[in-house]
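Order of writing sets the chain letters: A, B, C and D. Residues in each chain are counted from 1.
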């Protein structure tokens, strides 16, 4: 790795600037980007609205702000805007919009200018694309993702103090999105132009970037770019207050005999230091439950770089990542509602370089794979058969 | 209360603008305020450095970045700047500086201009006032408090992943300050001019403001103004990850037979919705341990107003506030290191209007004090004897 | 204290035999006592069944096994017998029975013989006194308490795995009773004859016993004897899994605006080392929520003796005990359903010797009361005015 | 399954008597068994005492009662007897003794009679086999395991209140052993003769028993019998107070870069309803960290029977069991210190019937394996390749 990275006592590196370069950048627009506050909501197309509602409302306990035959608008306990999740009945499971709130109404003009200059398709609706939200801009961004920006929004009651309504696994905030894209450096550079700052990434010694995390609000991320065939949505994440809340979600899924919605975890991330769980909804959309990352709001917040071979990067406890977590993701829609074609990643895949016959992971730098204890060998050596 | 406040289902009010007016404002400077990132550290003068170190390091588990005969520099587990707390041996227990980090080096010029225009005493040191910190500005602000601003700072390792070093009550962030001032509306207006936004306050039906919370980073506060004889420091607060971490601090103080450092709590705040504990250090400086407030970063984040008579405003469980919590606070120093004279509050005191013979608190709006159960009567009716 | 007690590093004493002597014993019967398994349920007479049901079912989340116009039968999540709590509508709030399960049906014959020999009133019903329970013996014991013994019981589903039904404050077990009696040594000796073993007690240097804890199942207690005017019921206690469950009960009572049900806590006990909360139900019956005491099942389990002046004995964090907790308790009924007359305690009262003008408490042995910090003085010196 | 089992709403069965029959019983002795209180300690032979001490003391935080060149005696925070774990340096990693405490000194005579009648090798030492323990009996039991019984023991301070010594993952009790034996019904019947009561088991529809849990103290178990090549030790389990304590152990192993000690979990068991984690010590001895099972002390405590094909039986969240957990275990020693030969299991193996080409597991009864979501197929279908 380059010599401006400092090895920490925890085994990862820190640097001042994100150590990510791209040979294939999206041009930087002259227009200033909109001032984005935070990831605000995601719109998911689901193929069986009733089943999805059962999952998100009855099992996960999200709060219904409003609903009709075709659509359910859901929010978390600490939210005061109309929704953090829209479920919309449709023919193909996909993501219709990654939606961000901007600081002022005027930021929408900037969004239009920014994406128009990039040659992107841009659509603006004064009455918004969903209930509860006013003037909005939707774009197909240069990476192929449907992004939305809005400022005007209906305020609803923040139910943070309504402990009589809390379930043991209460979801209190939308935390972040995670997007799958073939070329992570290109995507990262574009997001930096949009005003995001990188907080962590995963690389190998040759500089291949496997994933990068980036933020507007001062948490580890509002979105992340995960290397893979894309554009696709890797997951959307909701936060709980404490770790036991996440465990109780698993317990409840067990009690409901739908534990097969659990894909990976719970565990502790290396990246972000957060506690996590990955679920798959009835359409296979991946949902993370997440708690306790750290403050990143200083402009010189150290960027953390993980070695792709560090077996604790994605799970601090060294528990294996299931192959589906690397390979499966949700389609995204264009502004006509048609699935975007998926482009294959050509760089090395993280799964290939870390699992199985061709892969290599270590617990301690300098160890070789032959030193894995017997109970770990199966886990990491089987991957190539999948 | 004025009619732009909306009563919520939780018993408090929300409004769009902080419903606080002052007849006695500090003039708003022409100069723009510095762009403050967050509260960063507090410098406490302590009268027995060894005893204070025992408390903050051995009992509370803060990390020693650096120390010498006269001074100990401490930080939290998730911090990457040199320190969050400076303990300095001195003759009188007091606060030497409330220190904030600003976005750029140039913000120090703005700080100088801003306070100079207000006629405040301003001192700038290119090498900083403490180790680990560069170019800094200290002022005696119009409210009488010693404020510091800096940008340059020595980076140290963020120990967030060093779970081998965590104690059961690990402190992970500096969360906020809390200042005592006689005229809360005047102080609030001044802080708004400095760029802070009010998130919550406590008022009575006549509009008397007893306390107000205000933020730069998107939590409930970076500092709060508490009505009382001032300028004094009410407390400094550190965050833990979870509630059990706070309970374990109490358990440990018990095991060390120094439980008399516990002044109030643990409990759940009404204001901020956070879980809390108040300790008093060996000099009587008050330290809060705090966890789990909510995101406030949107510009239209609803302002929460609590009725001073609502018995759940300061403790959501209705547990009484001990009188010392209202009356005792730390002196603050001027830039020569001399204690600032304390000016008496002339508005009603929160303690007087809520506890004892003249006071009144309710659990449910509309109840009268005569309806208190026997076990609550003693708690709330005795206050006036103290 | 006598020299067979060993001072521990935690500030209390341990000894092999309960250091409790009585000059006024209940005669030890020739008949062997019944083999008691555990405290099993309590029958409470309540004056407004609807209001009590709201409290125990809607607020606390106990499970309704069965109910009719006059009675509600409730159980905890891990219970497999019909009920742990019976609420029965009646004219005077009181305890109708402290009920224990015995090992075999034949133990009922032994219970009859044991109490008959003592001259107690004994009543046996082959069909039980409540639904769900078969052959039962009720007695007015020599201390004046209505005790019940039974073995036959209807099994119901243990809902321990039904996490879909859990609330954040789920109650999982009945843990213990606590009885108020004027003469603790006499009561303790009698309970030892009944087969209980003392686990902890509170004494002063003169040997006055203020309270004693005793067990059949291997926890700190199935019941305790608290010195005071009696016979009365001090409280009944239910267990949660973790401490946050108890905190969430407080949060919920706040959200329901019935936080005035909280009398004392939450806190950590010195005695038992458990985490606790005391509530008062709509009739004033005291309910403890309790978690995490320790295993006591070895016959030589060390008996812990606390000094009544140790301020951490009842709250390990040194938080004050509210006076009502010492003075208020529930009446108990005789077998005709009439309240038992209450006999005054003549020994020193724990409240008097520890709070206020005549009392004295220390945090560290050897300290004197004058050393209390200002925030503690009010708490402990005011007691005598109550 | 036989018709005296009742299907519960949680998907397992309950019955009154353990539904386990054996065609090949160990004869029931005429002599009464000793009255066993609880599992008390395990003696592990380790090949590198320093490394093992680092693991158990520095990483897991067990308390050193006493140690010398060859041996380390360790206990948990709530223990008052000399030790719960003995590490002894030796040439082959193995278990030297599963040790149980009995109620009285005389129970040792009964142990001698009981095992002598069975023709077992029995050795008694008035001064005990380890420091801190007096008169003891060791036997090679009919199943081939080295069992010890003792009553006399040195009392040491119970450090339950010493929160100043607690680490975030403090181990508070020895909870249970788990033994591997080829013929579970035979072993179960023998343990019932020794006075144990079955609490849970795993069977298939043909009545093959894969594992059974049995207790003396009123928890789910003091030991369990797991079907496999034996006699071997599957694991020894220590308890924490709460689930976050277990998570913090994982976090700490990650920070120490020894996360490869984690074999399985953390997770929620179906059997026992406890929260768990499995570690492997430096010699591969398996250690479980465990919390929150349920009270089983009533003589008619319902026996829980799990279907071997129920994918939530061993992990309530449906997470897969790693193959090593089924196949690897520790040797046990005979009374001369020589490893006991291992006899192969001839009944079906749980791994074979549940994982891979020949196996079948369901989340919901009636589902077939083809309905597994993609992310679960890999997990359960790959097993046969291992």
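In this section, contacts are C-beta pairs under 8 Å (C-beta built on N, C-alpha and C of every residue); 3 or more make two chains touch, one makes a residue touch a chain.
Chain identities (UniProt): A, B, C, D = 3,4-dihydroxyphenylacetate 2,3-dioxygenase.
Source: prediction; values computed, not measured.
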Longest centre-to-centre distance from chain A, chain (CA-based): C
Which of B-D and A-D has more C-beta contact pairs: A-D
Between chain A and chain B, centroid-to-centroid distance (C-alpha), Å: 34
Centroid distance [mean C-alpha coordinates] between chain D and chain A, Å: 40
For chain B paired with chain D, centre-to-centre distance based on mean C-alpha positions, whole Å: 51
In chain C, residues with contacts to at least two other chains: 10, 161-162, 242-244, 251, 254-255, 270, 316
Contacting residues of chain B [partner chain A, same complex]: 8-10, 12, 14, 37-38, 78, 80-81, 101, 103-104, 155, 157-158, 160-162, 172-173, 217-218, 241-243, 270, 273, 292, 294-295, 297-302, 316
In the complex, chain A residues that touch chain D: 10-11, 242-244, 247, 250-251, 253-255, 257-260, 262-264, 266-268, 270, 275, 280, 284, 311-312, 316-319, 322-325, 328, 363-364, 372-376, 378-379, 382, 385-386
Chain C contact footprint on chain A (complex, rising order): 161-168, 170, 242, 244, 248, 251-252, 254-256
